[in-house]
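Data first, discussion second: the structure below is written as structure tokens.
We just call them A, B and C in the order they show up, numbering each chain from 1.
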Amino acid sequence: MSGADPIIETERLGHHYGDAMALRGIDLTVHSGEVFGFLGHNGAGKTTTINVLTTLITPTSGTARVCGFDVVTERLQVQRVIGYLPENVRLYDNLTAKENLRFFGQLSGVENTLQAIDEALGFLECRELADRRVGTFSKGMRQRIGIAQAILHRPRVLFLDEPTSGLDPMGVRQLRDTIVRLNADLGMTIFMNTHLLSEVAKVCTTIGVLAGGELIYRDSLASTLERFPNEASLEGIYMQLGDR
Amino acid sequence: MTRRAPSRILTLAAHEYRSALRSGVLVLLILAMVLVTAGSITIGSYDFKAQITDYATYVAQATAAGITITAPPQFYPLQLLRGVIEYIQIIGAIIGIGLGYLSVARERTGNTLRLILTRPIRARDLFFGRLLGATAVIATILAAAAIISIVLIGIVGGVWLDGAELVRLAIAFVLGIIYMLLFYALGTWVSARSKVVANGLVVALVVWLAVVLIIPQIGDTMDPDNQVPGGLFAALQVQKPDELKVLAHFSTYETIRNTLEETSLTKHFERYSFAVTGIKDKYNGKSLSTITSDKRGDVAWIAAYMALLSVLMWSGLRRERITQQET
Amino acid sequence: MTTTLIIAHQQLRSLSRSGTFVLMLGVLLVMTALAGFIGWSSHSTIISVYDETVRTLTAAGKPIPPNPFASKPRLTLLNNMIIYIPLIGALLAIVIGNRSITDDRQAGVMRVVFSRPIRRSTYFWGKLAGSTLAIIVIMAACLVLSAVALTLTNGGLLTASEFLRLVLFYALSSLYLQVFVLVGMVATLLIRSPSTGLFAAVAIWVLITFATPQFTSGLRPVASLNPVTDPATVSSSEFFRATSKAKPIAINEQYKTLSTNILSDVSTTGTIIVAAQLAPIIIALLLLGGTASQLIKRHDFSEEDARD
């Protein structure tokens, strides 16, 4: 699924919080149409990377471009072409799903918001949730509405930060199917932080591994499995990479 | 047919308004405000009506006895707003802080601020959108308080406000909106800057205590004239010219006291509102332009606080601070 | 250590490490120290004002009025504390009460605590003991500060009688503040959201401190911030002759009256009247304590931690 055009590019991307270095000069390229799985231990810098790419924070060194736009100097343009689902998003408990989505859709500048909401909910097969208050939702339901808000404006790149966190096996499976369809049917490039290696193996086309703020590995999933023929699963490969 | 999305400022403002009104906290505070307003006006109106009735009785008796009738005391129904204005000073400020705190807490708790900030929204959209939404909420609360006041003064006090009085009442309540918005900005700033947002609320309440209650109270209790029930100089039977001669010897003390009072936003709000509504007797019958000219110092202080708190609120909403991890 | 004391000890430790609590405590202690200074400064100025008035009137050949401040008891210099305790002290007490429940809830330890053999009543008594100890320690600190302030500004140690009255004043204040600890606790137990609970308690505090005096004696909110009540601000109309009957249950006013009497060295009024003035505060404590205890007994601590 690797397209020719780079859609995410970072060049010597670095970021520190006070004296703590979170990212150390990352050079990363994600091509259009890829489903990119971003792996790494806790504290490796995955969320910081997403925070930079989604314009939430300004990197302290290096550059990053999304869809050709610089995340610092062309922030608004970047925000028009990305969708983002952070980890543990709760949304507004006192509002219905539709009200939540209408708010975010309007902020994204979506025309015909109600139509866009209906399409998104239809795509995610959860139209019945539209008029219910989010405060009554389970984790899985919130997650679907969370994805809905991220795709309302048909972004070119979708950033998902630990999307499987807290989901039961059925929820994980539904999420997997959704990601595949978003990529196949809507042509979205997916950038996903995750710990769930079994899902990475089923969904991702490319993986990258972050350790201590450095990108220690990046290749297609197919090439990775060829390169480590003695490892039975992606978990074994990941452990080996982490040991290096 | 393609429908354009409304402006982001209006979207954010509408969101702020809707969320505030669905919040149990605000409903609680609004109820408290409405209750004390109604109570205060009712109490004052009974008293007001009693004074009018007493005078009417006196006139009847004096007429019957053939005694010369003294001129009626001046009845100024807007003076019944004194308690309401004082409650705006106290409770209104808490409501403002509460709104500001909730505005920040809501986004942090729902982890929705990231969803907003990753959309093509300028910092000023967020700033003005929230401010506009808060203004709408506060205006709703004070409009309710104003209507209750007008109705109760009419029904209980037996006096319906005329056009000029309604204009002055409106000005006082618009001033109240500005006053409460300043505390909204404070609540937003402190909550946005706090690592644990609930701590920001407590800090804001401490600031409220100092600005609204303690500083004005110190200023008042340092006033020699307030140390004796009925006034010190009245108790000493000292006339105004002699009073001024005496106080001239204590200019340093008075300067310190006045400086302390001058730092209180609440005092400036009180002075200007009392002047506009004629609660301060010397301003009864004076034109609004005369009053504003006389109170230009208070107006300047309020404007200065508006500038300061706008800057603080803006800095509180800067994206880097909002995205930091916290509990 | 008994379980009650363990819980009380944890409560105190948690409070002492809370930055906002320490901030509020700092404000109260600073204002206590200032109260003594402000009282002395105001008093000296007023004496000087009187002396200057005498000089001015004498020069003009006018009669000299009597000194309204002759032999005012030294403790009256602390009159501002009668305002600061119900203001700052009560807000601090509300935060203590609110925190006694929300800290455990937000840390997610309720389920951990009650999966151990601990009775609900033990938990309640532990929380109450911790809060009471906190209030007593705070009032003791204020007592020391007041005594030092009076000694420094008046050039002499307190007499035994003065010291006893000061202790009595702060003991009364501890009792009064305990009411607001319980208000904070009850509001937080009734309302899941931490901030709503805090605001509900603050709303009750506003009603007790400002609205009730206005209802029972026509004292406007700002006027009730002055320890010296101007009779002109208190209406004597028929309305208030009726509503003033509710004064006995206005705990704020009973506290102010009792405190003023203690600091003014007024040989009042007799044990029965003092008991009558204390009764509303005691009754409020019993009612709120009982309510808090019942709420803790029936509370579902297994639910997800409350959010705002």
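Going forward, contacts are C-beta pairs under 8 Å (C-beta built on N, C-alpha and C of every residue); 3 or more make two chains touch, one makes a residue touch a chain.
Note that this is a predicted model, so its numbers are computed, not measured.
Participant: Which chain has its Cα centroid closest to the overall Cα centroid?
Facilitator: Central by C-alpha mean position: chain B.
Participant: Return the chain whose centre of C-alpha atoms lies at maximal distance from the corresponding centre of chain A.
Facilitator: Relative to chain A, the chain with the farthest C-alpha centre is C.
Participant: With chain centres taken as the means of their Cα atoms, state the distance from chain A to chain B in Å.
Facilitator: Inter-chain centre distance comes to 47 Å.
Participant: Suppose each chain is reduced to the average of its Cα coordinates; what separation in Å results between chain B and chain C?
Facilitator: Chain centroid spacing, chain B to chain C, equals 25 Å.
Participant: Report, in whole Å, the distance between the mean C-alpha point of chain A and the mean C-alpha point of chain C.
Facilitator: Each chain reduced to its C-alpha mean, chain A and chain C end up 54 Å apart.
Participant: List, in ascending order, every residue of chain B touching at least 2 other chains.
Facilitator: 23, 106, 109
Participant: In chain C, what residues contact two or more other chains?
Facilitator: Touching at least two other chains: 307.
Participant: Note the residues in chain A that touch 2 or more other chains, in rising order.
Facilitator: 90, 93
Participant: Can you list the chain B residues touching chain A in their complex?
Facilitator: For chain B paired with chain A, touching residues are 2-6, 8, 11-12, 15, 18-19, 22-23, 106, 109-112, 114-122, 319-320, 323.
Participant: Would you pull the chain B residues touching chain C in the complex into a rising list?
Facilitator: My answer: residues 23-25, 28-29, 32, 35-36, 39-40, 43, 46-47, 50, 82-83, 86-87, 89-91, 94, 98, 101-102, 105-106, 109, 197-199, 201-203, 205-206, 209-210, 213-214, 216-218, 220-222, 224, 226-233, 235-238, 242, 245-247, 249-250, 253, 270, 327.
Participant: Help me check something: in the complex, which residues belonging to chain A touch chain B?
Facilitator: 51, 54-58, 76-77, 79-80, 82, 84, 86-95, 99, 103-113, 149
Participant: Residue numbers of chain C touching chain B in their complex, please.
Facilitator: Per the stated touch rule, the residues are 18-20, 23-24, 27, 31, 34, 38, 41-42, 45-46, 48-50, 52-53, 56-57, 60, 65, 68-69, 79-80, 83-84, 87-88, 91, 95, 102, 106, 191, 193-196, 198-200, 202-203, 206-207, 210-211, 214-215, 218, 220-222, 225-232, 235, 237-240, 307-308.
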